[in-house]
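What follows is a pair of complexes built around chain A, which joins chain B in one and chain C in the other.
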Partner chain A sequence: MKRILLVDDAATVRMYHRDILECAGYAVEEAWNGIEALEKALQSPFDLFLVDVNMPKLDGYGFLRELRRLEIPQMPAIIVSTEAEADDQLQAYRSGANGYLVKPVSPSQLLTHVRLMLGEHSQ
Partner chain B sequence: MTPLLEQFLSESTEFSQGIGEKLMQLEKAPNDHDAMDELFRLMHTLKGNSGLFTFPEMTRVLHAGEDLLVMVRSGEIAYSRRLADGLLAAMDFVMVLCGDIEKTESIDASRAEDSVHIALALRELMPATANADRSGDVLPAATGQRFSNGKANPAPPLFDEVPEKIRWDSVLLSQGGTNLYWIVYSPEPGCFFQGDDPFHRARQTPDLLWGCARQRAPFPPLAVMDTYNCVLDFYLLTCAPREELAEYFRYMPDQAPILAVDPEWLEHSLLEDAKEVGSDTAIVRNGNENILSDKASLPSPSALFKFSAEEAAAFDTILSNQKKILMSIDRSNWNPGQIKAVATVLTNIARVVGDASAKDLIEAALGQALASGKSAPLLEWLHAWNTETNKPDSIEEEQSPADNRAEALLSPAEAASSRRVDKCAPVPPQETSSAQPPSDDGIKFGRRADDAYNGPKSLKVDQAKIDLLMNLIGELVVSKNALPYLAQRAEAQYGVRDLSREIKSEYAVINRIADEMQGAIMQVRMMAVSFVFQRFPRLVRDISRKLGKEVQLVLEGEQTEADKNIVESLADPLIHIVRNSLDHGIESPEVRRACGKPETGTITIRASQESDTVVIEIIDDGKGIDPAIIKRKAYEKGLIDEAALDRISDQEAINLIFSAGLSTAEVVTDLSGRGVGMDVVRTAVSKINGSVHIESELGKGTTIRISLPLSMAVTQVMIVESDGQLFGVPMDQVVETVRIPRSSIRWIKQSMTAVLRGRVIPLKALNGLLGVPTPPRANEDDELAVLLVHSGGEVLGLLVDAFKATLGLIQKPLGGVLSGLSAYSGSSLLGDGSVLMILNTREIV
Partner chain C sequence: MAFVKRKAMEPAPADVPKQERSCAELTACLEDSDPQTRRQAAREMLHFPDVSGALVSRLRREQDAAVREVILTTLVRLADPSAAAGMAECLRSEDAALRNEVIEAIGLLSGDVSATLRTLLADSDPDVRIFAVNILDSRRQPDVESWLIEVIEKDVHLNVCATAVDLLCEVGTEAALEPLLRLKVRFVSEVFIQFAANRAIKRIRGV
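Entry: the complex of A and B
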């Protein structure tokens, strides 16, 4: 089962994403800020990261920058942000994100991106 | 209510409180950047959460709040009290909305207007220019796409307002041969009267890619605004054929000029973009050509495979994003992990379209890239791969990319219903039904809120259940007390000594377990006093501003715990005291300055635990209480007579503040000062078996100490005997027990007194107080048992016949006709089944 790490400081958002992903058969772990996410990423491997931007202690960009410096297999990361501006997207990609989604993300949009990023398309 | 909504509500409450706290904190230290960041994060997250549901009233207010904070954070506007007031009012409103949602799962229709007012009030705090920028309200897009809040530079084609993703899509479309059109739709002001719905019309524009609405001129004030006047212009980007658009807008051709989009606009804006992205110009140029050329000449690889429209769009987006990422990496920000991650994504993406062999090639390219410190090898692979997978003969084109695109921008639900059935990968059943609104109930939330919570594991339990448990344990404690009697009887009455001993040892075990159980359940009921304290920063702020005083609030020992009931009943007395301190204690800044004190007064609320009691101190550095004024007032109000006026000490005078009907304030304000303050405090505190003590020094300040029992559940009681009957006296009222020889009791008129360690102590016979005619009994040495008890700040001796044991008991209030007896605070069962009446010493003396 593919493992996804949800990084978001809002429990409501985590719950929302978690339900969508678990219904689709993914194993989901949660972290509520960048620091905790880094700790989890070091403890066990994840196949994908879904990352919020604005978080206490360490934000999503900071988390990605650190993540990409770690000596671990580098897996896709998607920033899920409330901002749709080009500048924000640019910053996300520079920090090490591979994708960018704008909140609120519909279930099908989320699953489509997650599946493709994970290389899953059963045809 | 769905668990998601519950989670939302509880998190909203938490965040709103957090925002309030941070605002308070910032008020003290406006330059605290950490607090500012945290405040912004809370507001931002709360707004994000509300976006998951359709609560426009809430989102509107939070959005305005967030915009405001953005400007404060960037230093465009200074943090001010007015700003804090606005935000606090907004948070109060959000809490009201949460209340609505909790009751009915929706927001009361009447709130819409308030929400507009509050949002407007917040926006008024922003500089005028910012308002003009931002007030262009956002169209709720049918596509689920977010419409951009534009910037203020309307360059001729307005293209920098189009979100980047849409621009990329547009480039692909236009290079695939589709013409794009830009429509500026300016409905007539009176169009509503012609049965037209411009908003609907704009949204329903055929093949709409993107759109936004802007007001033509700044909005007039709400009061004079004519809501039947259309003042909006709509800017629309579409890929529909011109004829269709002309047909669509046929009744208003002059209001909706259709402009063909010049491909150069698009390319231009993209090039600008790419320049921003990377400084390694060679790669940038190279990469740009890649994107533009291969997309232009060939359909995207997604056309090859049986993708749904949404998947196709996502596929292209992911691919072009990886390309952008590769282009943006150069030596200055070289991070191998980032390249590796892109390689992983590319490998995965290639696998999606069945190209397993790509893995090795990507790995080789990655190796080169890492070795050379440049992303070029991967870019080259990507370019080659794009070209290769798009060989014209291998295309079984069912859908042109243009179709893909247009459909992707329809609502996902529509797209799903039209194409997904035969084309798409199997999707989980919930997906099709809930593609559009995230708050759809179609999603089955199998999790509870606490599963998703990563903090300390906690459990919310109805208090009634804990109370029931508490009562049961109370009964257990009482029934267990019957065992020693049973043991006694076994020995004395039936003469089985061994059995008696066994009962006793068994009793010891049960006793220990019952004690631990009682302790454990008491722990459950324990609550930090911060529950009460947290409301004070706001209260002090609001009141001190109303009074024009500068006050700093210091909270200490917030983590001190006490029984829930006690903590809760502490709230009202504390508010009374703090209000009094603010109103009468702390002087105005001018007066303080004149007295040589700092202009800002300080109120400290401190909680601490002292053995079995919780002590709350409220300390102010205000003007203190003048005993002379109290005496005069008390005399004027008839509380004391002339003789007492000279006799009573200053401390006694200050204690008079607890008498009913004494208000010392010169002017009665709406905050406090109706003379119902302090006596109410004392009544409330003594109801929970606590006591209040006041110390005051004129000109220096006042300290009020409230002592409370840790727990109300178990009362330690001293049992005394009087005329052959047993009575209980709560231990917290007992000072000490002494035996006084009858000879040292003196009579002063009708009252008895004795001198104990140099103090004159009034004595009363318990029998007499209870209306029993029998005189107190003395022991063999002709000494009388005297129980010294607290009584209204004084110590009083009660003459009893004998002292018995002290016991921990669960006190039950008196019921029925007995409930009117104020001499008793309650009753309890003794181990032998008899009832023990517990005296309320304050009432009987």
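Entry: the complex of A and C
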């Protein structure tokens, strides 16, 4: 079972994404900021990260930069943000994101992107 | 060995207060290339009036996290209207780390920041309004629920309302039930708002 780490300080967003992903057969873990996410990423590998931008302690871009700097497997990461400007997306990709979704994300949109990142798009 | 001994006995040079430096000197030090000099200057500026503008100006460009932390601490301790307004303006920064630091700092400001919050919640940029709700979360003032209810009743942007609903899940009382039900009607086709509002309603009703 593929493992996904949800990183978001909003509990409602984490629960919403968790419901969608677990119903689709993924194992989901949660972190409420970038620091907690880094700790979890170092403890055990994940197949995908879904990452908010604005979080206390360590924001999503900072988390991705640290993640890419560390010598751990380079798993894909999708930024999931309320910010829809092109500059925001550019900043995300420069920080190491592989995809970008603007909130709120519909269930089908989320699953399409997750499957694409995990190489399951043809299934 | 002698160097180690000296270090053990004396405070680091940057921690030694520079006595009787003028406000103009300290403001100039904020532009120094050495982060420790900038940090020390920001700390000492607490003792001067009308320095919030200079501190905010530096904060917007400052790349060193430790210097930013001292600048924000000084601004929080100054707590004048100029400090609050200047920090609020930093919410428009492209730097996500700075935005989050500012949200936490405004949350720590003493006194009434209602005017600043009211301005932020009326901003034309929905992201700034979301940050304003984040500040409400950070401050947890006694009337936070009434602010959040006003947001979900009036704000036209889905993500601003969703952020307010997430906080209402924690602090909402029965007073929020009707506004949450009206929000569901207003965004009837938005799956996430339905999910978030239902979660808040269940929590308030104790279901």
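Keep this in mind: the second predicted complex is superposed on the first by the 120 of 123 C-alpha atoms of A that agree within 3 Å, B and C clash if a C-alpha of one lies under 4 Å from a C-alpha of the other, contacts with A are read in each partner's own complex, and residues count from 1 in each chain.
By our rule, a residue touches a chain if its C-beta (ideal position, glycine included) is under 8 Å from a C-beta of that chain, and two chains touch if they have at least 3 such contacts.
Since we're looking at a predicted model, the values are computed, not measured.
Peer 1: Given the touch rule stated above, what does A:Gln91 touch, chain B (first), chain C (second), both, or neither?
Peer 2: In the superposed model, A:Gln91 contacts chain C only, not chain B.
Peer 1: Where does A:His113 make contact in the superposed view: on chain B (first), on chain C (second), on both, or on neither?
Peer 2: First partner only.
Peer 1: Give one of first, second, both or neither to describe whether A:Ile35 is in contact with chain B, with chain C, with both, or with none.
Peer 2: Neither partner.
Peer 1: For A:Met15 in the superposed arrangement: first (chain B), second (chain C), both or neither?
Peer 2: Once the two structures are laid over each other on A, A:Met15 reaches both partners.
Peer 1: May I ask you to decide whether A:Asn54 touches chain B, chain C, both, or neither, giving the answer as first, second, both or neither?
Peer 2: Both: A:Asn54 reaches chain B and chain C.
Peer 1: What is the contact status of A:Gly62 with respect to chain B (first) and chain C (second): first, second, both, or neither?
Peer 2: second
Peer 1: Who wins on chain A residues touched, chain B or chain C?
Peer 2: B
Peer 1: Given the touch rule stated above, what does A:Gly99 touch, chain B (first), chain C (second), both, or neither?
Peer 2: first
Peer 1: Would you tell me the residues on chain A in contact with chain B in one complex that are also in contact with chain C in the other?
Peer 2: Residues 10-13, 15-16, 19, 54-56, 82, 103-107 of chain A touch both chain B and chain C.
Peer 1: Which stretch or stretches of chain B touch chain A in the complex?
Peer 2: 3-4, 7-8, 11, 38, 40-41, 44-49, 51-52, 144-146, 148, 163-165, 273, 276-277, 305-308, 310-311, 314-315, 317-318, 321-322, 324-325, 328, 333, 335-338, 340-345, 347-354, 412, 416, 425-428, 430-432, 434-436, 438, 443-447, 449, 452-454
Peer 1: Quick one: which bits of chain A touch chain B in the complex? Just the residue numbers, please.
Peer 2: Residues 9-16, 18-20, 22-25, 30-32, 36, 54-56, 65, 67-70, 73-77, 82, 84-86, 89-90, 93-94, 96-100, 102-109, 111-113, 115-123 of chain A touch chain B in their complex.
Peer 1: Over in the complex, which chain C residues touch chain A? Could you list them?
Peer 2: 94, 96-97, 99-100, 103-104, 126-127, 130-131, 134, 158-159, 162-163, 165-166, 169, 190-193, 195-196, 199-200
Peer 1: Along chain A, where are the residues that touch chain C in the complex?
Peer 2: Those residues of chain A that touch chain C are 10-13, 15-16, 19, 53-62, 82-83, 87, 91, 103-107.
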